[in-house]
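In order of appearance the chains are A, B, C, D and E, and numbering begins at 1 in each one.
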Amino acid sequence: MVPISYYLILAAVLFSVGVASFLIKRNIITIFMSIELMLNAVNLTFVAFAHMWHQVQGQIFVFFVMVVAAAEAAVGLAIIIAIFRTRQTLNVDQINLMKL
Amino acid sequence: MDLALFLIFGGLAVAAALNLLLQRHPINSALSLVVVMMSLAVLYWSLGAEFLAAAQVIVYSGAIMVLFVFTIMLLNAGEEERTHGSRAAYIVGFPGAAAIFCLLSFVFLTEGKALGTVSLGGYLDNAANNIAEISHVLFTSLLLPFEVTSVLILVAILGAVVLARKEQ
Amino acid sequence: MPETCLWLIPILPFTGFLLNGTLGRRLPRAAVTGIAWLFTLLPALLVAYLWTVMTGAGAPEVIRAVGGPWIAVTGFAVNFAFTVDHLTLIMLSVVTGVGFLIHIYSAGYMAHEEGYWRFFAYLNLFMFFMLVLVLAESFLLLFVGWEGVGLASYLLIGFYFKKDSAANAGKKAFIVNRIGDFGFLLAMFLTVAHFGTLNFTEVFASISQHPEWQGGFLTAIALLLVLGATGKSAQIPLYVWLPDAMEGPTPVSALIHAATMVTAGIYMVARCHTLFDRSPEALGVVAIIGAATAIFAACIGMVQQDIKRVLAYSTVSQLGYMFLACGVGAYTAGIFHLMTHAFFKALLFLSAGSVIHALSGEQDMRKMGGLRKRIPVTFWTMTMGVIAIAGIPPWAGFFSKDEILYRTFTSDNPIGKLLWLVGLVTAGMTSFYMFRLWFKTFFGQERFEEHADAHGHDAHHDSHAHGVHESPVIMTLPLAVLALLSIGGGWLPVERFLEPVFATAGHAAEAGNSGMEITLAVVSVVVALIGLLTAYVLYVKNPGSSTALAEKFKPVHRLLENKFYIDELYHTVIVLPLVVLTRIFLQGLVDFGLVDGSGKLAGATARGLSTLTRRIQSGNIRSYAGWLALGAAAVLIVMIFGH
Amino acid sequence: MNSMSPNLYALLPEYILTLTGVLVMLLEPVLPASSSRKSLGWLAIVGTLLSAGASLFQLGLGSIVAFSGNILVDRFSIFFHLLIAAVVLVTLLGSLDYFHGHASHAGEYFALALFGAVGMMLMTCSVELLMVFVGLEISSISTYIMAGFRKGQATGSEASIKYFLLGSFATAFFLYGIALAFGATGSTSIASIAAGLATTTTPTLAITALALMIIGLGFKVSAAPFHVWTPDVYQGAPAPIVGLMSTAPKAAAFAVLLRITFSGFPGMQSRWNVLLWGLAALSMCIGNIGALLQRDVKRMLAYSSIAHAGYLLAAFTAVPGDGIATACFYTATYAAMNVGAFAIITQIAGYSENVRTIDDYTGLAQRRPVLSALLAFFLLSLIGIPFTGGFFGKFLVFSAALHAGNVWLAVIGLLNSGVACFYYLRLLAALYTRTAPDEVPETPATVSAPAGLGLAIAALATLLLGILPGPVLNLVHGAAFDSLVTARRVPVAPAARPVPLSDSAIR
Amino acid sequence: MNLDQSILTLITFLPLVGAVVLALLPDRGRIMQWAALAITLVTFLLTLHLPAHFDYAATAGSFQFVADHAWIPIPPIRYHVGIDGLAMWLIVLTGLLAPLGVLMSWNAIGERKKLFYILLLLQQVAMYGIFISLDLFLYYAFWELSLVPMTILIATFGRTKDRRRAAIKYFLYAFIPSALLLVAMIWVYFHTGTFDLPRITEIVATRGISPNSAAVWLASLAFLAAFAVKIPIFPLHGWLSDAIFEAPTAAVMVLAGKTGLYSILRFSFSLFPAESHRIAPLMIALGAIGIVYGALIALVQNDLKRLAAYATLGHLGFIVLGIFTFTISGMDGGIYQILNESLGGAALFMLMGLLYERYQTYDMRQYGGLAAQLPWVVTMYVITTLSVIGLPMLNSFVGEFLILTGSMQSTVNNHVLWTVLATTGVIFSAAYMLVLIQRVFYGELGRAPRSVQGWDLDLREHLALWPMVILFLVMGVASPFWMRAIDTAGPGIVSRITQSAPNVTQNNGYGAGAQANHNMQPNVPTWLRNGTSR
């Protein structure tokens, strides 16, 4: 007998923690992980609504999000490797050549 | 029962998420993220998405997170230094994040009544298989996205190759 | 045929101007002279022809020639139109007659100047505009001439443009005249606003039809016209340009700044007598200005040492008489004096020119003296002029001046008697300074240097600076003619001749109190003789006494010598504040501060905002995410709560 | 036509591009490592041309609904297909010689451009948010990769990582929006959402959903305050790719935004109008003011693109028909002039981009009169000088805004275009300044024929959109009509909300 | 096709074709100069077709040489061109100034000639376009376009280092108010459904643009502001002095004045008659102040071009004053004065350019005593000066006289004060121009002529200047030749505006006849009225 809104709020909490984590973390990889966390929060929302609407479409959406996340991870981590090669650091605070 | 389940695994997810945030070493953060995903898998299951629960464990915490850990290892990323590159992140970012949370929660709570509640287990009254249902929709009405995903993956592979390969 | 004459009279000198102006540089001097003479002589002959047409029984009082439109918009038009009546005829005669004589004289005087062709081109141009001025049938066309003579005057004063003083004088003349023109223009605008036309005939007819119009806007128009006249006729407060105008060649001073142009103001007032008669206030102003100028200029004239400047102040003073005459409604007397003045003042200037010529450019009377033997013709002609201006009968000046004083005395102006007294005193002073000039120049010791170097502004005679000599015939002949006119001019029946023009004006004094007239005449002659005697005592009998007197009344003398410091006053009170205020307030504060500054301020604001915007762009991903989060929150707030 | 034909015809351009892309990928390893990859570029160009041809062919077919209602090919989507194809074409033409002497995966570059185009095209013709999402990801990921193509340069990979991280961050918001929309209406099909909104019991949720989607798309179109990534990424990424990614993905994102707002949430226009009004005004102001002091040309144009996004967003506040048509038109003009401007920068700056700041451009007109004249022309169009597409686009957009009564937005917008003159003119004036400094960075000597062709296309398009906009106007009005009217022909899945499960569920 | 229908199009776009031709020709020798001269001359000859075939009997408000074609379907924008008496002479004038500008640039522009002449020709296109357009959109297009060549001309061919700044300043000043103009135009379109000027005028006369009078008022202000800056009217002249200071002679000749003034006459007065009437007191005041202000500041300048810039400001003030009096004299005189000002200003700038070509400076302090060396130059200067300061029998006098006459007749509050103030302009203008003449030509030989040997006018310069001088004289003496066309337009504008103004007794200036009309009295302040007492 859990209200749907509980799930949604849980998702919101996770999403916000993801956002906060993006803001706090200095390591690019961890920042990327925060994005994954946000995506997971969204997934939870999808699943909750799928349950509410008795629609399988929501679950399929989550499935696609996973695929996309995988693809993004591949590309993202490749970019991270590339940047590590040129800058020898993973600290975002030091990746600010371009500003103003 | 379902409330307990929600509270335990919801709590675990939040705690793990916070841990991700607080840990300094990327490996620890990665492992925390795995915990979050696992907990969510349980919640998926409780919402009647058995297939997703499995996929979450296999694909997400299995494949994707392994990729992360692999990269961390590859780049030999150590503990992050607490550099102070950004004041805006704290001054505007946190209020922003907090506001997002408050606003979303506000919306969910005001709409809470209309949203109804969750019953444990599958919602499909006709007892049809979750996986069967998904695959039916996936290969009929959502066939195109499924097919197009191949292009997406192709691009991702291409990108990974281009970016990660060393210049001659 | 007479109508054609009207067109031809101004156009001929203009043709001369065009010919000399465009081709003159390449023509030999003789040709230039020929052209200039021809195109001045022909109008004079045409004027003579007009005399034959307009006098005699049954002759037309007015001849009109109306040409095509000059300015024409819906509801308002000004045509090219000339008209000749008796007033115009007199003016035409003076202008063309004196003008022609001066042209002849100039050929001798300017014979060795650079820019000979230029001089005659300008002179012809002047003739053109002056003739347009007197022939004009409308205010606007009169204004054409009015401005045109100013232009010619400007060009001729600045003829020796290499000298700063000459260039300055020309500029000053033009600008001061422009102040007068400002009044003239406003008068015209008001005229158009009230009458819808600028045609003399129509304007005056409409005034005549409305006897109820008195003062009011007519006063406004009249006073503005007076402002114009004070500029052109060198009256207070705008007389300052005329003395400086003596920087021009002497024939120019004679023609433009004595005989013709400067009388344009008087002519204009006389021409508009219908208007002025309706505005006693304006007439009063005219009279007061006239009297004040007369005595004021005479005062200054008494102590000047430059021969031409004495004559210049004398001109201002005499013009004051004419103004006074107009101001008391004695237009006829004014015009009469205008005419006689043209004769004797032209004579005086030309004679002075001859003196200067003889002395190779020397103008300072302190360096003259005893010249009567050396240049006898000039001496005798000049003597005629001096007697004429001093007002000793039966020379011309006596009649006209006496007429003015008499009319002033008998006028119904409340301060008429006072004005008369002023005029009388001025007459005495006139006599004094003219004889002073006469004595200092022709009598006493020879104070000049025989081989004077070329200096002073008429100073381009160096090629023939071979001692003091009489001028050639070409110069003395005009002098002789003018001397005759100065002697006999007073006997001309001008008053009767002008009667048709001023029929409405000359009303009161007709009854003729001949006894009083004779008394007043005797008084004025006595005063003139006193002036003569004083001059004799001071400059011939006791040559040193004048200096002693000057020493005794040093402050007064210095004040007079410095022309009451009027130029300085104008400079400090008007010119300097204007320039300083313009620089500081208009250019500095308004233009640079407000106009430019507002743009700069906007630029600085934009720049400041830009810097602010750029500070968001710190280059740090986390900051960017922070901004994104904040933006997202803002969007959510707007959407959720923004109704 | 048999039953398969809609599915065949509907995605013909995408098929062609995908096949060409795959072909390029297959041929790449076959070619010797040292040889030029120009032939692959030509192949890609041919593919793009074919796909544009296919789109034109579709124009004659009327509206097609295909793939169970996931795809709607109408004039709206065809317009954007053509636009994207054109942009890709110009970009490919301009970058054929770009990699000359720099062996940097030219083959992959062409393939990625094509795949990216496929993603963008799918975005514009999808009426199912899942499909949109996948398309968006395809286009995003390919642009992330292309942004980092000059790996050797630190700025290149930095641009890439910034774009990637922030892009994924924004995608999460977009996704969240879709989730909430699904929650509010029980469907992720735009048509069904529109239908579901009429009966929804949770309007606030729907509004929130829209807000989140606008945030996500706002990032993609670099509307303020989601613009922060733009200057850095444009500065760091290779010029031809900036030309591409500042136009084509933006156009696609705008297409999606148009679909979602006007077709998906038409009933709530009064609500999102306010938001987009604000975003438009803010984007214009921040974009223009931010650009004022920029010295790096690409960075300046990045700010300019933010401002242009603002102008475009102004169209959203108009009445629907006007709004869509003018937004489409503006997208086209913006694409033409911006891609042209960046194509010229590509030519001037070359691969190494030594010519970067305004000072570097000083006196360029003396050395490169034609290129300078073209750049001046594009700049003038960006300013909005008449007889250029930029002017007419702006004119239409602000007409539309005024028509809807948004006088102040129009005033803000046009005043902004006044402010914008300053920085465009600074570049323009620098180009035409008489004397150049002594040390001038070397620029490539000649413009290759294909690049010249690409430039000519962009310039001609900019000009024609300005002086003879008639045909395009007809097309965009048709597009607006289609997207508003025929979109209703898409089957609406009944999103029947089950009986509340509160009691009966536990048994 | 009938030439009358295509002549305007031909005139407008011939320079464009010319620009393309120039772009294709090689920039060698004097090819550019000759080609540009040929093109501008041919265009000028074409413009002469207009006065030759103009129908002087046409009713007010009708247009001639009209061409009207559909252009853009939605919104309905037409290629609608045509002229009336107002525009005709402006076009001819523009045509005349172009070849003269080319002649003046013959040697002055030594490098990048191709660019220069192309821009000059494009500027021509824009100006013709402004004068012929009867469709608001088309007009606006040309209006904005006119900024571009000028800006580049200043930026490229400016004299000093500050040229870029001056160019940008010019552009921004003109562009930003034009943005508001565009808003107002679109607003008008949505309330009338058309961009077509004659139709809008009709609508204005019948039902008004919109019942919302405040909005109409704002729209009218937007129109006026854009035009006022372009003219410029005091105090919006911030760009003028810098732009003139920097710009090359040929560009300065067409920089200020006529397009803005024409636009006020054509658009502000047609679209917003009542509002124009309402703002007239302010504009008259600004015009009058501008006259004195410009003249005074000109008086204290040391730089020839800055002097001319402020002089221009003053002279433009006259025109503004004239057209806003809404009297026939003021209107006709104002329109006529646009021609005079353009000619006089152009001549002045040409003459200054001549000096610059010889001595490479515009600083008056460097000059002096040139009169003896350069007799023709000084003659031209003096004649131009006389024209500029409004000597009768020269062109400007006619215009200024009519303007001030109209101003004295107008019904605006304090019109007498403003007339008086404006009339003082004749004093100051004489002052600064004569000072100029004196400082440059009279007195001792200055520093510049001592170091550089000048030369008197050559044939080319004679060719460029004599048309001007002759026009000064002819336009001063035979003004009806020009006024005939202008007078077909001016009274129409006046009556439209005076009729639209609600609470004002109508006064078109003059009564039925030229005879004194005592009914004029209400226009005159009480203190000037016919006094009854003595």
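Heads up, the rule we're going with is that a contact is a pair of C-beta atoms (placed from the backbone, for glycine too) under 8 Å apart; a residue touches a chain by one contact, two chains touch by 3 or more.
Given the structure is predicted, the values throughout are model-derived calculations rather than measurements.
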| Smallest number of contact steps required from chain D to reach chain E | 1
| query | Which chains contact both chain A and chain E? | reply | C, D
| message | Counting C-beta pairs in contact, which chain pair has more, B-C or C-D? | response | C-D
| task | Mind having a look at which chain is the central one, using mean CA positions? | result | E
| request: Name the chain whose C-alpha centroid is most distant from the C-alpha centroid of chain B. | output: C
| field | Between chain B and chain E, centroid-to-centroid distance (C-alpha), Å | value | 70
| remark: Distance in whole angstrom between the CA centres of chain B and chain D is 29
| How big is the gap, in whole Å, between where the Cα atoms of chain A centre and where those of chain B centre? | 6
| query | In whole angstrom, what separates the CA-based centres of chain A and chain D? | reply | 25
| message | Give the residues of chain D touching no fewer than two other chains, as numbers and ranges. | response | 130, 134, 137, 141, 144-145, 148, 151-152, 160-162, 165, 169, 183, 204, 208, 231-232, 419, 422, 498, 502, 506
| task | Could you list which residues of chain B touch at least two other chains? | result | 85-86, 89-90, 93-94, 96-97, 100, 103-104, 107-108, 111, 115-119, 123, 142, 145, 149, 152, 155-156, 159, 162-163
| query | What residues in chain E touch two or more of the other chains? | reply | none
| note | One finds touching chains in the pairs A-B, A-C, A-D, B-C, B-D, C-D, C-E, D-E
| note | Contacts from chain D onto chain C in the complex sit at residues 161-162, 165-166, 169-170, 173, 204, 207-208, 210-212, 214-215, 218-219, 224-226, 228-229, 231-232, 271-272, 274-275, 278-279, 286, 289-293, 419, 422
| note | Given the complex, residues on chain A that touch chain B span 1-10, 12-21, 23-27, 29-30, 32-34, 36-37, 40, 43-44, 47-48, 50-52, 54, 56-57, 59-60, 62-64, 66-75, 77-82, 84-85, 90-94, 96
| note | Within the complex, chain C is touched by chain A residues 19, 22-24, 26, 31, 92-93, 95-100
| said: Per the contact definition, I'd like the list of chain E residues that touch chain C in the complex. | reply: 169, 173, 235-238, 293, 296-297, 299-300, 328-329, 332-333, 369, 371-372, 375, 382, 386, 391-393, 398, 401-402, 404-405, 407-409, 419-420, 423-424, 426-427, 430-431, 434-435, 438, 441-444, 477, 479-480, 483, 487, 490-491, 508-511, 513-518, 520-521, 523-524, 528-534
| For the chain D and chain A complex, residues of the former touching the latter | 130, 133-134, 137, 141, 144-145, 148, 151-155, 157-162, 164-165, 168-169, 172, 175-176, 178-180, 182-183, 186-188, 231-232, 235-236, 299, 495, 497-498, 502, 506
